[in-house]
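These are the structures, in structure tokens.
In the two complexes that follow, subunit A is the common piece, with subunit B as its partner first and subunit C second.
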Partner chain A sequence: MTKHQKKLIVLSIAFAAAFGIVPQVNAMHIMEGYLPLGFCIGWGVICVPFLLSGFFSIQKKLKANRKNITLLAMAGAFVFVISSLKIPSVTGSCSHMTGTGLGAILFGPSAVSILGIIVLIFQAILLAHGGLTTLGANTFSMAIAGPFVSYGIFVLLKKLKVNRRVSVFLAAMLGDLFTYCVTSVQLALAYPSSEGGVAASAVKFLGIFAPTQLPLAIIEGFLTVIIMITLENYAQKELKDTKYLEEA
Partner chain B sequence: MKKKDKKLIAAILIVVLLMIVIPLFALKGAEFGGSDDAGSQVVEEISGDYEPWFTPILETLIDGELPGEVESLMFCVQTGIGVGIIAFLMGRFVERKKWEDKKQEN
Partner chain C sequence: MEGQKHRHKHRHHSHGVQTMDFYAYQSGLRQWNGSYKVLSALLILILCIGLNDIWVSLTVIVTVGMLNVIGNRVPFRQYVELMKIPIAFLVLGCVAIAFGISTKPVGEYRIYLKWFYFYMTKADIWKAIELFFKALGAVGAMYFMALSTPVGELINVLRKAHVPKLIVELMNMIYRFIFILTDVQGRMKRSAVSRLGYIDFKTSCGSFGKIAGNLFILSLKKADTYYDAMISRGYDGEIRFLEEEKKVTFVQIAGMAAYLIALVLIWYIGR
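Now for the complex of A and B:
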């Protein structure tokens, strides 16, 4: 790796970090201090291999073509805009979207995990949102599980030759929803109900999160499609570099 | 940009806007609080009075919660920076395409 590329990686990380400084308050990350210690450590350990592969994947992609940084920055910026918007939902409460679908579609899920964890760390420290003790669990749901689902769905639909825009929509939407399903299960594992155990708790948490999140997931899908349409029109070269568009 | 794409984007934006605005009018008087507060309530419901065992570092430092107005300022800054980056890069893409198209014509 040349010095120049190293610099770029550091820059991209600094960029992602700079965004994380800003708060995100009503979001649905697991609150600081709300997970027992064993769970905090467990989820953290699970995240490590994903983060390592994410780091190497970003490194490789920038090495392959350093122009990839433009779209990487764009994907990062998209996450920050999308996740800063708290939107009223049909259930009478507010929530926000994750915005990780775009990055997952363009760069693969592991690369997004790096963007995600940096945002979560800064939020936890500076904004009292999410938390340091729950960082592992939140990283797993927002920066790993969601993007992996987005990516999987996108690849699958591509193989099935579904219309590309429909695939983008479904990938972003289901990834967003899945993030909150994982959060519910994580909370349920830590707080099994006295009657019915983990499953009953999971249903309870899902009952709160899912109806609120569903319309937002749809909105996220729509917004991701808008960005992709625009990029398809104006940034074909970059999209070919990321393998999103086939080489003509 | 193709005309068809422009129309599609406009249509999507209208749908999104409606999806955001309609709950506001449909559910008059609703609180629209954050759903993670609802999450904390369920935790309490399930396991009795739950005392979080760790408080956010920032709240420990300033001895209290982040004031609401400061919070909304931070939100705007976050949105602003993100939009700035996207707009800047998009602007470059758009101009580049114009320039390339022109070059091809000549």
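Now for the complex of A and C:
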């Protein structure tokens, strides 16, 4: 074997190992300790205006009707439980939904920002998905960017009178994909590559997480559609009741 | 004790919502002051990430690991299982840092793939290795907090830190509702499994979606019921929790200070 061949084999083994040991695919939570401190604080600060607006909108809803408190809490718990469940997968690896697209469609994006940060804290300390120092970055990608895109697409397609199921599918899937892109950019900003900087690094992170995240986004889209069909069939009244939660 | 043992055996190797919660309640450090534990964990976390030194990271992995296994009474094998949870992200993330793609032949190690080069530089590999251990150390520090402090106590620490009352209350409720909904979902799933609802991929997707939809309807109904139950017990917009007073001892503070100083010293010597 030439030296070149040896290198090739070692590299291919490294790649196979990287893709072989993927026992658990989370929806792109940046793990604890992965980001330098500056970025942890920076992303946290960026989240503040969104969280404040979410906080005030929730406060307003509670002033309108105190009863909304248990409803909101149940919504948060629902998003958490949905995201903690193993979803069916073809490869046998164990993956999870984000559930934030569904949450945004049902409850509106600003409520989801506050519920999202609470859910992320619980995911970190109960499930070890994500972390405390990376909370800001994760909140931005999963509880703010993703839900806002999901909700925007859902509302837009509703106005364009696209089939409801198609729009739910697209909203959930694209929200998920957007979360994955934002996370990749967050990682790239923290770790630009030595050749080509942030852009090259973003391509790397997008590429390496694509095999796990792309199927996940499509499955999440399908599952969200099935959930919405179930709700349309059995929960017409309840869906109307949550309507007032929809307004941001 | 017998019951606890059984429960313990049952929980082994599971990654359910209950696992970490269960260990937090049976931790040997349960009687330590909550704020002290949270603050110590955060300081270790910040030092581990901020100092960014492989020896500090390794020290944290080992010492906090011992604290978790001995102090928090998490069996060693279970602790290893817990440390494995973020491994997929960690491995993929570090591979992404170690490798580079370029159209020009750069880096110490590279292979040519017709259109571009895959390359690695020694600096990048070292960066990836350092990051690997730093992140594991940080995860350990987070586990120290999560496995020693039950969520109720943690929320109380947040309340003392002047997190808005509304958020604290929502957190308290969400925490309780999570377990109620998980329980309901578990029963729904079991009945679906026993009716061959998870026999192949397509059926599984259908069952999963239907269960989630039903869970949503049920959660709305429960939210209604719980509000009525709370009102009938005199809920006036605030839930008050009584808490045991746990004093911080001098030894604990001195111990933690010594540990943190030791970490800084390791960093200083290794520089």
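Here is the rule we use: the second predicted complex is superposed on the first by the 174 of 248 C-alpha atoms of A that agree within 3 Å, B and C clash if a C-alpha of one lies under 4 Å from a C-alpha of the other, contacts with A are read in each partner's own complex, and residues count from 1 in each chain.
As a working rule, a contact is a pair of C-beta atoms (placed from the backbone, for glycine too) under 8 Å apart; a residue touches a chain by one contact, two chains touch by 3 or more.
Everything numeric in this text was worked out from a predicted model, so none of it was measured.
A.B. asks: Considering only the touch criterion stated at the top, classify A:P215 as touching first (subunit B), second (subunit C), both, or neither.
C.D. replies: A:P215 contacts subunit B only, not subunit C.
A.B. asks: Between subunit B (first) and subunit C (second), which does A:I144 come into contact with in this model arrangement: first, second, both, or neither?
C.D. replies: A:I144: touches no partner chain.
A.B. asks: For A:M74, is the partner it touches subunit B (first), subunit C (second), both, or none of the two (neither)?
C.D. replies: Both partners, subunit B and subunit C.
A.B. asks: After superposition on the shared chain, which partner residues are touched by A:H29: those of subunit B (first), subunit C (second), both, or neither?
C.D. replies: both
A.B. asks: Under the stated touch criterion, which partner chain does A:I153 make contact with: subunit B (first), subunit C (second), both, or neither?
C.D. replies: neither
A.B. asks: By the touch definition at the top of the document, which applies to A:L177: first (subunit B), second (subunit C), both, or neither?
C.D. replies: Neither subunit B nor subunit C is touched by A:L177.
A.B. asks: Looking only at subunit A, is it subunit B or subunit C that touches more of its residues?
C.D. replies: Answer, by number of touched residues of subunit A: C.
A.B. asks: Looking at A:I229, would you say it contacts subunit B, subunit C, both, or neither? Reply first, second, both or neither.
C.D. replies: Once the two structures are laid over each other on A, A:I229 reaches both partners.
A.B. asks: Please work out whether A:V185 is in contact with subunit B alone, subunit C alone, both, or neither, and reply first, second, both or neither.
C.D. replies: Touch status of A:V185: no partner.
A.B. asks: I'd like to know which partner A:E195 touches here: subunit B for first, subunit C for second, both or neither.
C.D. replies: A:E195 contacts subunit C only, not subunit B.
A.B. asks: Using the superposition described at the top, list the residues of subunit A that contact subunit B and also contact subunit C.
C.D. replies: In subunit A, residues 18, 22-26, 29-34, 70, 73-74, 76-78, 80-82, 84-85, 87-90, 124-129, 131-133, 187, 191, 193-194, 201, 204-205, 208-209, 212, 219, 222-223, 225-227, 229-231, 234-235, 238 are touched by subunit B and also by subunit C.
A.B. asks: For the complex, give me every residue of subunit A touching subunit C.
C.D. replies: Residues in contact with subunit C: 4, 7-8, 11, 14-15, 17-18, 21-26, 29-37, 40, 55, 58-59, 62, 66-67, 69-78, 80-82, 84-85, 87-90, 106, 114-115, 118-119, 121-122, 124-129, 131-133, 187, 191, 193-196, 200-201, 203-205, 207-209, 212, 219, 222-223, 225-231, 234-235, 238, 241-242.
A.B. asks: Under the stated contact criterion, what part of subunit A meets subunit B in this complex?
C.D. replies: 18-19, 22-34, 70, 73-74, 76-82, 84-95, 124-129, 131-133, 187, 191-194, 201, 204-205, 208-209, 212-213, 215, 218-219, 222-223, 225-227, 229-235, 238
A.B. asks: So in the complex, the part of subunit C that touches subunit A is made up of which residues?
C.D. replies: Interface residues on subunit C, with respect to subunit A: 15, 17, 20-21, 42, 45-46, 48-50, 52, 82, 84-93, 95-97, 99-102, 104, 106-107, 109, 111, 118-119, 121, 123-124, 127, 131, 134-139, 141-143, 145-146, 151, 154, 164, 166-167, 169-171, 173-175, 177-178, 180-182, 185, 198, 201, 204-206, 208-210, 212-217, 219-220, 222-224, 226-227, 230, 237.
A.B. asks: For subunit B, which residues are in contact with subunit A within the complex?
C.D. replies: 1-2, 5, 8-9, 12-13, 15-16, 19-20, 23-24, 26-27, 30-40, 42-43, 45-47, 50, 52-59, 65-66, 71, 74-75, 77-79, 81-86, 89-90, 93-94, 96-97
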